[in-house]
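Paired with chain B in one complex and with chain C in the other, chain A is shared by the two complexes that follow.
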Partner chain A sequence: MNGPSTRSGGLFRNNPVAVMLVGLCPAAAVTGRVIDALWMSAGLILVLLLTRLSLEILKAFSFPGSGTGHMTDWLSLLFLASCFTASFELVLGAFAPDESAGLGIYAPLIAVNCIVLDRLAGRGSQEPAGPGEIGRSLGQASGLGAGFALSLIVISLIRETLGSGTITLFPIGSFGGTIAVGGISLAPARALVYAGGGLLCLGYLAGAARLVRRVKGAERA
Partner chain B sequence: MSLLGIILTFSLVDNIVLSRLLGICPCVGSPGGMRATAGTSAATALLMSLSALAAWALESFLLRPLGLEFLRTPAFVLAVAGLAGLLDVVARRAVPQLLRAAGIPLAGIAVNCATLGVVLIAAKGGFTALQSLVVGLAAGGGFFIALTLLTAIRERLEVEKVPEWLRGLPLHLISAGLLAYAFMAFDRAFLSRLFQGW
Partner chain C sequence: MAEPHPDVASPPALAVSPAPHLRGLVSSARLNWSVACCLLPAAAWGVFLFGLPALRVLGMAAGVSLLAELITSLAWGRITVRDGSAMVTGLLVGMLMPPGVPLYVPAAASAFGIMVVKQSFGGLGRNWMNPALGGVVFALFSWSDSMSRWLPVRGAGSAVAPLAALRDAFAGGKAGSGGLLAVLGAHGYPWSATDGRVVTWVNDHVLSLLGASLPRGVFDMLVGTVPGGIGEISVPLLLIGAAYLIVRRVIRWQVPVTYLVTFCVAAQLFGGLPMGRGWLAGGVLFQLFSGSLVLGAFFMATDPVTSPLTLRGNLILAASLGVLTFFLRYFGTLGDGVPLAILLGNAVAPLIDRFTQPRVRSAGKGVIG
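Moving on, here comes the complex of A and B:
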């Protein structure tokens, strides 16, 4: 697949959360507020892109074990992903300490996110990493990252709007960052912001994605 | 916190799957039956407790004294991966038939977010070595409870008539959500009345 089609595939057709059902833990755990979902998505996209770029560069220089699928490949992947995750944690803690506290232990867990590990470990290609290969790899990673972000934003919008009656975004100037949703904020369905609410939303989102695929398949047939 | 308090907290009140929402993929996506569930849970509990102990040692003797707390994530990830590799080698030599029969994916357990999550919680909680070990075991016990309940629900749902668009993983996730609400009954205050002084 070329770059653009891979990106749109990761966004809708092969959405990691709603269709491929990987990376479910942060999708259920950090979607109580929209801003947490945005930061988690940003962190995952950064780690995914930087880890994949580093692996492709290592492969281009024929670093021992890179791209062979051996244990060294797996360990170098884990090491790179965890180092980039630690860097993201440090930057987030320095510039947005409240949001860093909001993500809690889920920020370091980006290092072992199924999307990062599955998609990177599943490669193991022996092809020399030319500029085209690197571009295609990064296109695929950005598509998956965007798909993950889309799912998290949809789930967090549903959960926060219905569960708290607010939408929390970045505070800019006189805007405090919180939008109260008229009507719902007076009597929100609190159950949705609890742990079970995340799993319920995830389950219905996965079901809805399947229903859409079936309807589209039936239309094509 | 007493050891009983740690066990009750990490197996029921702060259940790693149903309260912290970690390790959802192996819980809702595992196709195995009760035997595989028991094997996976036992391996997870063992790995969690050993990893929590290793994390305590790393935190107490290396990261904190040298001011290297910012390296916590890479250090813990590599420690967990190394321990899982070691356990895998030992288990393959000691009990190969048991591993095959139970279908325990040690490599998968090694890097799932539940294991690393427990390690991070134990390290940040300021527990002693023994407490860290018990935290890992109790969290593994909580993982076993959640996995067993979800496997039982899944086996029951397979023979029920359900909407086709929800069959499989979507319905497992919804079941897990409802179970998470049920686990909210394990309130810290409620349990502290049951076990005075925990």
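Moving on, here comes the complex of A and C:
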């Protein structure tokens, strides 16, 4: 496959949360428990990929104006992202009501973050649609989605471990789903579970990302 | 603070430094160490009343604070432990803690104050929040139960700070009449025996001639023989330290006075309302001597790094602090309102600076003014 690479660098180099500072709202809000971060990330990746795929299919059928940054492009993006988000929300609410409650208002907000990330992934993809083009587009979207997930998981691990002294995951078999971190769980620093703690972790994550970039830049120079 | 960089041998012709722009012979190190010394009497009083546990809390807070400063400044490549600001932070954290607190709380509060609140923002002079208060509020949010583990004075009497006891008394719905001390007395708050002797003597020999009498507890509150934070209970010793700082012009007397007066006016006018006692019944003298109000007003609201630059700005801030403290203390649930109020004040200090900056007259565009 020629042309621009499939990789968006979304996982590290262009991590949406830590480097590009988008999607901060869920990154600060639903990272109090690891499980919430996992569901949020899963929802976003799912919606992002489905939206991207549908848009590429629309482009392949050459709808008038699609794929040229025209208003119809935006409208279809809005429509598709909202549809898939609503579906995800309904399915989650039906089959995993507790997790759905954990996400709260931030589940519908997946649509917003999906649109932002989609615009980042879809940059420059205005060439005629073809199998290679679809692969590239999906690759970029999944890179950004994975980067989003990585940031959320890192933040939620720090916040939940220090702020509640636990790590909440899925219950599997005899494992109840919650790991208690010895020592900290007796007197956790609850301040980290509050919204301010989320912003604090976010700030340090962004700072760490900049530090890594600076060190790498110095190595290259 | 205009601190010469160690690499610079002679003072530079033009020193560019972050606010506050203090000029004169006093270096920031001397300033900080003198503040630390002025805090010592009140801290020593806490150790005298509560014994070894208080000393341990103070030592832990100061030790971790200095250690955190050392570690972070090593990472910076510029050792700043000797400027004394970490000592002041550690001491203040310890003084705001109750003596019975588990030792990890002062340790975490000091580490948070130095590493997150101060050093993450670039070190002394660049922190927008008072490090000690940042650490203490972090502890208040995180371990609110531990933050009310007071100890009885010299091993006897109640282990509940008067302010908290008062809150409990009013929560019971049996407010009673009379002053706040009378309410506490009616709920069986155990004042010290010395207090009993002094108050009885004054009532019998002095005030009876005037037909008046003092309630029990006045002596305890004035001298500071009550449960509370290690360094916040002794108002006279805090005032002695503050007086020295005011005489040496390290702090401006206008700031704490405005703060306290605004608080008193607000508290006296409206303070009785949430307790169901009507207007003008806030019991302001009791409030003035309880909690960390005096410590906060003289030693933390006056922090030159986190307060506005001009006197006018400082007065505006001090007045808002008084009102904020009143609201947080009477309607809030976290602590005694002082730490949170001063932190909120720190947050708006740059905004106040923006509106109180002296204007340069007849300056055209492009001129700093």
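The rule is simple: the second predicted complex is superposed on the first by the 201 of 221 C-alpha atoms of A that agree within 3 Å, B and C clash if a C-alpha of one lies under 4 Å from a C-alpha of the other, contacts with A are read in each partner's own complex, and residues count from 1 in each chain.
One rule holds in what follows: a residue touches a chain if its C-beta (ideal position, glycine included) is under 8 Å from a C-beta of that chain, and two chains touch if they have at least 3 such contacts.
All values derive from a computational prediction rather than experimental measurement.
In the superposition on chain A, A:Leu90 contacts chain B only, with no contact to chain C.
Applying the stated contact rule after C-alpha superposition, one finds that A:Arg210 touches chain B and leaves chain C untouched.
Contacts of A:Ile45 after superposition on the shared chain: neither chain B nor chain C is touched. In the superposed model, A:Leu103 makes contact with neither chain B nor chain C.
In the superposition on chain A, contact is made by A:Leu200 with both chain B and chain C. Within the superposed three-chain arrangement, the count of touched residues of chain A is higher for B, of the candidates chain B and chain C. Looking at the shared chain after the overlay, A:Met20 reaches neither chain B nor chain C. When both complexes are overlaid on chain A, the residue A:Pro188 reaches chain C alone and has no touch with chain B.
Of the two partner chains placed around the shared chain by superposition, neither chain B nor chain C is touched by A:Ile155. Within chain A, the residues touched by chain B in the first complex and by chain C in the second are 191, 194, 200, 204, 207. Only residues 21-22, 24-25, 28-29, 71, 74-75, 78-79, 81-83, 85-86, 89-90, 105, 108-109, 111-114, 117, 191, 194-200, 202-204, 206-208, 210-211, 214 of chain A touch chain B when the two sit together in their complex. By the touch rule above, chain C contacts chain A in their complex via residues 102, 104, 108, 116, 120, 138, 141-144, 146. Within the complex, the chain B residues that touch chain A are 18-25, 28-29, 70-74, 76-78, 81, 85, 111-113, 116-117, 120-121, 124, 163, 165-166, 169-174, 176-181, 184.
Contact residues on chain A toward chain C in their complex (touch as defined above): 187-192, 194, 200, 204, 207.
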